[in-house]
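Take a look at the structures below.
Below, chain A partners chain B and then partners chain C, in two separate complexes.
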Partner chain A sequence: MAILEADGLTKTYGSLCALDQVSLSLESGRIVGLLGPNGSGKTTFIKICNGLLVPAAGELRIDGSPVGTATKALSAYLPDRDFLPDWMKASDVIDYYSDFFSDFDAQKAGDMLEDLGIKADQKLGKMSKGTREKLRLIVTMARRAKIYFLDEPIAGVDPAARDYILRTIIANYNTDALVVISTHLIADVESVLDEAVLLRNGKVVLHAPVDEVRERTGKSLDEYFREVFAC
Partner chain B sequence: MLIKLMKYDLKYMLRSLLPLYLVMIVLGVLAGAFFPGEGAIEERIYGSGNVSVTAGSGFAVIATAAIIAVTVIAIAVAIVTAMSVIHRFNRNLLGNEGYLSFTLPVTVSEHFFSKAFSSMIVVILGYAAGAVTFLLMGAIYTVRVGDAASVHEFWRLGRDIFSDVFYYDGPAGNIVLMILAAVVSIYQLIAQVFCASAIGSQARERKGFMGVLAFIGLAIAEAVVTSLTGLSASGIGMLIYFQPDGTTMLAGSLALNCAFAAAYSAGTIWLLKNRLNLQ
Partner chain C sequence: MAWNFEKGKPIYSQIVERFRKNIASGVYQPGQRIKSVRDLAVEAGVNPNTMQRALSELEREGLLYSERTAGRIVTSDKDKISGIRREMVTDIAEQFIRNMRDSGISDEEILSIVRQILQEGQKS
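Our next item is the complex of A and B:
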């Protein structure tokens, strides 16, 4: 059974249609790339999946339930912005996640902090931007979630950091889970993807296994994307 | 989950308020310890017949400075409390932290009530810290001076501040109504601020300014509804200016306050559920 099912999902902002009748079915145990240029609806879709937006029309079910407290308990979300409170210390953030998420592995998070040389008693407000990004990634991937939503996890970081982030994701996610990675940097993530969903102007233009796209088109996913979205 | 949310809300707000409470109390102790007055201890220090020296001595300067400082800190406590309440709601729910808060497995109602109840606790703690400061000041002064006239004068000042409570001789049940009205008033004001913030967040720009305008608009609407009912919606006003024969008036005002509080709460929760506008 699909763990994420969207049926006719539509979201408008005034006259702008951010998502237009999006229907998707995604299975567990897959790493899915949610790909598209800026403004194609990727973040809007992920926000709806995490209860941050209410769709204008359509239905979304996660693990058979509509979006609510039950689905939030089994979804891990890494937004594309700095969301952790800067008045907390790293250890406070781990305690916070432990308090609210029963699937959070505090030991694993602590080990990852140590591996990266992040001091548990350091305040987030005093950390560098890169360290804060790593902490956000750690607390997200330390969850044994059923779905991981990673919104632009490698945007705005250098190539070495991108490799590190992708390695951390692959090494730490729950392999029975669905991982949805939203990005426009396809060349960097292509090697880890099982499936690709291409969005353009709020519509799904492609949903297929990555291998199938390569076989059918004779191109890499990145080359195919550039062809589809050529300006 | 509500208790867990409140734990973090209180942790955020009290980290700046607890030091202020402590400073205020210490200054109150200083004021009580050095406030001039004729009494046994001064007589032992300066000799019998020379206690009037204390009025112009360094003791009086310290006491005066301490009382001024207590007053300043008390005002600071009020300002920091208001800022903490507003800042916590805006930042944790309507700012970037909202991306974490609203993805927790808790309901929107739990988020709202956590902020509201935690805010009420810090407001009441502020009042309590002020009361403790005054009581300590008076108790230390009483023990130190031991002079009946000076002590009587000090406590008379305190009774005058809370005269309607100390001199009230009406039905005891009205005291309960007054306290309830005061608590509901605090909650209502907090809910009104949150509702205004939620309304202001709907704007594309200048959300803070729009929030202020929304607060003014809600206050005007409240005043209009209140005038139509002929009741006073100020529970705290009723507490201070309570007329012994106004039980019905107080009960009516309490009901009106509850209605406003419920409306602000429901409105805020609806906006957060259906019109969340995180950037």
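Our next item is the complex of A and C:
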């Protein structure tokens, strides 16, 4: 059964159409890539799913309900921007998440930080960009959510950190949960995805299993993407 | 990522190939238990469903089998293993012969080159 269903979802910013009649049905137990160039509507879609934006038209249902308090409790959301303040220590972040989310596994998050060598009393302001990104991912994945929305989780970090982040996603998501990863770094996430959703100018131009695309086109998803979006 | 995949081929079929090769060459021993789907997926850097699909395919081929408590185990069927080894080396040999013939030399010459290289290899 589809856990996320969008029907004719549309969002406009003034005269700009950020999402144009997006209809999507995503099932539990999958890792889905929301792929497209900058400005194609990826973040807008994820923000609507998390109730940060209201669509101009269309409908969205998560686990059968319109977006609201109940669906937010099921959704673990990693925004594309760093939102945690510099003064917080790693342990403060864990307490913060424990307060906000009843499905947050503080023990698991603590263990993962320890594995990475991040000390509990280390301040975020003193961490590298890659470390902060890993920390934000860890606290997101330590929730026992039904849907994970990861907006650009690997942008701006080095290849080793990317590797760590992708492995952490594979190793930690509930197998009955849906994971939505938005990125334009397709080559890096390709092998991790079940399905790809390609967005262009707010429209869905492809929604297919990754291996099916590779089989049908004889190309990697990354090569196919470059072809579709060639200028 | 730890496992390398070619660009234009489905990932699951490349995982199947990799296992076939490792079982044929004895990297995975007959009767050996293999890791869980999730652990293998993390190691390979692939989607767990893709890994699951590949392992199911290998089960259908009879190279792996499931035991309820012990997970997945490599077949102990020696004939089966030597069968896929034979199939694999035949493929390699056929490809080699095609390449050699494409360079415009006769089958006798191919044989004599192969013999010569094998003899040189023995000496060293």
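Simple rule for what comes next: the second predicted complex is superposed on the first by the 231 of 231 C-alpha atoms of A that agree within 3 Å, B and C clash if a C-alpha of one lies under 4 Å from a C-alpha of the other, contacts with A are read in each partner's own complex, and residues count from 1 in each chain.
Convention: a contact is a pair of C-beta atoms (placed from the backbone, for glycine too) under 8 Å apart; a residue touches a chain by one contact, two chains touch by 3 or more.
Just so it is clear, the structure is predicted and the values come from calculations on it, not from any experiment.
Visitor: After the overlay on chain A, what do you see for chain B versus chain C, clash or fit?
Guide: Result for chain B and chain C: fit.
Visitor: With both complexes overlaid on chain A, does A:Ala70 touch chain B (first), chain C (second), both or neither?
Guide: After superposing on A, A:Ala70 lies in contact with chain B but is clear of chain C.
Visitor: Using the superposition on chain A described above, determine whether A:Val192 touches chain B (first), chain C (second), both, or neither.
Guide: second
Visitor: Check the residue A:Leu60 against both partner chains and state whether it touches chain B (first), chain C (second), both, or neither.
Guide: In the superposition, A:Leu60 touches no partner, neither chain B nor chain C.
Visitor: Given Cα centres, how many degrees, to the nearest 10, is the angle at chain A formed with chain B and chain C?
Guide: That angle rounds to 150 degrees.
Visitor: So in the superposed three-chain picture, is A:Pro85 touching just chain B, just chain C, both, or none of them (first/second/both/neither)?
Guide: A:Pro85: touches chain B, not chain C.
Visitor: State whether A:Leu52 touches chain B only (first), chain C only (second), both chains, or neither.
Guide: After superposing on A, A:Leu52 lies in contact with chain B but is clear of chain C.
Visitor: Report for A:Ile31: first if it touches chain B alone, second if chain C alone, otherwise both or neither.
Guide: After superposition on chain A, A:Ile31 lies in contact with chain C alone.
Visitor: Applying the document's definition of touch, where does A:Ile181 land relative to chain B and chain C: first, second, both, or neither?
Guide: neither
Visitor: One more residue to check, A:Leu166. First (chain B), second (chain C), both or neither?
Guide: In the superposition, A:Leu166 touches chain C alone.
Visitor: Working from the superposed arrangement, determine the closest approach of chain B to chain C, counting only CA atoms, in whole Å.
Guide: Checking C-alpha atoms only, chain B sits 27 Å from chain C at its nearest point.
Visitor: Can you pull the chain A residues that chain B and chain C both touch?
Guide: Touching chain B and chain C on chain A: no residues.
Visitor: For chain A, which residues count as touching chain B in their complex?
Guide: Where chain A meets chain B, its residues are 47, 50-54, 69-70, 72-73, 75, 77, 79, 81-85, 87, 96, 99-101.
Visitor: Show me the residue ranges of chain B that touch chain A in the complex, using the header's touch definition.
Guide: Touching chain A: residues 1, 4, 7-8, 12, 15, 91-92, 96-100, 102-107, 273-274, 276, 278 of chain B.
Visitor: Which stretch or stretches of chain A touch chain C in the complex?
Guide: Result: residues 29-31, 163, 166-167, 170-171, 175, 191-194, 210-212, 214-215, 217-220, 222-223 of chain A touch chain C.
Visitor: Spell out the residues on chain C that touch chain A in their complex, using ranges where they run on.
Guide: Going by the criterion above, the answer is residues 1, 5, 7-13, 38, 41-42, 44-50.
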